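To start, the structure itself, in structure tokens.
Per-chain residue numbering starts at 1, and chain names A, B, C and D are given in the order in which the chains are listed.
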């Protein structure tokens, strides 16, 4: 069962882990990834990161990504949370959790979830530089390549 | 900088994550793995899991494993906590965190840390079954194979 | 009518986040709609100047250039996503 | 003297968690010490009956059969580890 949420508010990774495990004793391991706002981009100091999203579509996209992970691995639950709005360096942007009886499945599903989210969830980052300038982050070839790894493994 | 700890007490994954990130804004992502005591082994219900360790050697072994991860990946810190003593199904046994500017490094280091820990840290699990029977867990071929993947990538 | 949404720098270049418009005569695909918006005014020409960096969704699913657009649809245009 | 430690089922089979003993005459390696302990008594014969599932550490570093054992060393015997 997937928990998917898009929110402006901060999230509590420990509380989400506890929620994922609550009331069950059959989980063997939980993989996790937390994305954090960095204080610089290409050597240029960043004052804030603004995250725009497509409200109607983001929840659907995250639900699909989670469902895809649950179809590919033996998961007992997963959590995908993504923040939007204006975040500061050091703030947590995204949280992915994947619980499984087996550690490799938990870890692989975690990597898959974050890779796919980066190329399939309708979020756009804008960096606000220390001098007040702002620039939209360009999609990275790296991210497309990372997501493509999982495509070639389909079917 | 690695944080390594072997303890009987429960740990708080969220607090450890906060500690790893405290006072810095240059981290891009944190990979994480949490191992949990399962309620059954080979279909047989488990009442508890007892973890024996080699006190003098475990800290050293965990420090080495952490140092090896820090030598292989661009990490800004990692945390390896392992519990010992008698744990119940649903209890957290082990926590691995790896912080990096880059998500792939964080995720790969997390996988490495847990794989190596499983074959290089002197802990032994004993399962206490519902009927009072107890059995030492045998090392799994899988774990050795998982750790060996990282060996072939050395040097 | 169709409901058209713009995000990120496409929103900025279009000067609006959304608009409702009658499905233009003879337009039946995402590519067709892009062509029509490009020709409509300077904002559209600027926003869609570089179509290979424009992505689209129809009714909140990612859509390609040849995917159909029908009356009642919600069509969104945006740059490649950069979340996570 | 050497300090010998046993863990998990090796501890159970040896009937002790540790012992101090003089380095036996002519014993200079991990394999040599295993042979000596195997021959010493029934507990040792039982604990080391299957040497391929016995692992060792000398002074808290993993050690192989041919690694040296010297007076003052801490030598530990245990099954393959199963933490994590």
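Keep this in mind: a residue touches a chain if its C-beta (ideal position, glycine included) is under 8 Å from a C-beta of that chain, and two chains touch if they have at least 3 such contacts.
Just so it is clear, the model here is predicted, and its values are computed rather than measured.
Student: Chains shared as neighbours by chain A and chain D?
Tutor: Neighbours common to chain A and chain D are B.
Student: State the chain with the largest centre-to-centre distance from chain D, centres being mean CA positions.
Tutor: The chain lying farthest from chain D is C.
Student: Suppose each chain is reduced to the average of its Cα coordinates; what separation in Å results between chain B and chain C?
Tutor: Result: the chain centres lie 48 Å from each other.
Student: Taking the mean of the CA coordinates per chain, how far is chain B from chain D in Å?
Tutor: Here chain B and chain D have centroids separated by 26 Å.
Student: Taking each chain's centre as its mean C-alpha position, how far apart are chain C and chain D in Å?
Tutor: It comes to 73 Å between the two C-alpha centres.
Student: Two or more other chains touching the same residue: where does that happen in chain D?
Tutor: Touching at least two other chains: 84.
Student: Which parts of chain B, given as residue numbers and ranges, touch two or more other chains?
Tutor: Those would be 35, 103, 114.
Student: Got a list of which chains touch which?
Tutor: The list of touching pairs comes to A-B, A-C, B-D.
Student: Hey, which residues of chain A end up touching chain C in the complex?
Tutor: Those in contact with chain C are residues 35, 51-54, 56-57, 60, 82, 93-94, 114, 117-126, 136-140, 143.
Student: Please give the residue numbers of chain B that touch chain A in the complex, ascending.
Tutor: 12-15, 17, 21, 24-40, 88-90, 101, 103-104, 106-107, 110-111, 114, 146
Student: Along chain D, where are the residues that touch chain B in the complex?
Tutor: Touching chain B from chain D are residues 5, 7-9, 11, 57, 60, 62, 74, 76, 78-84.
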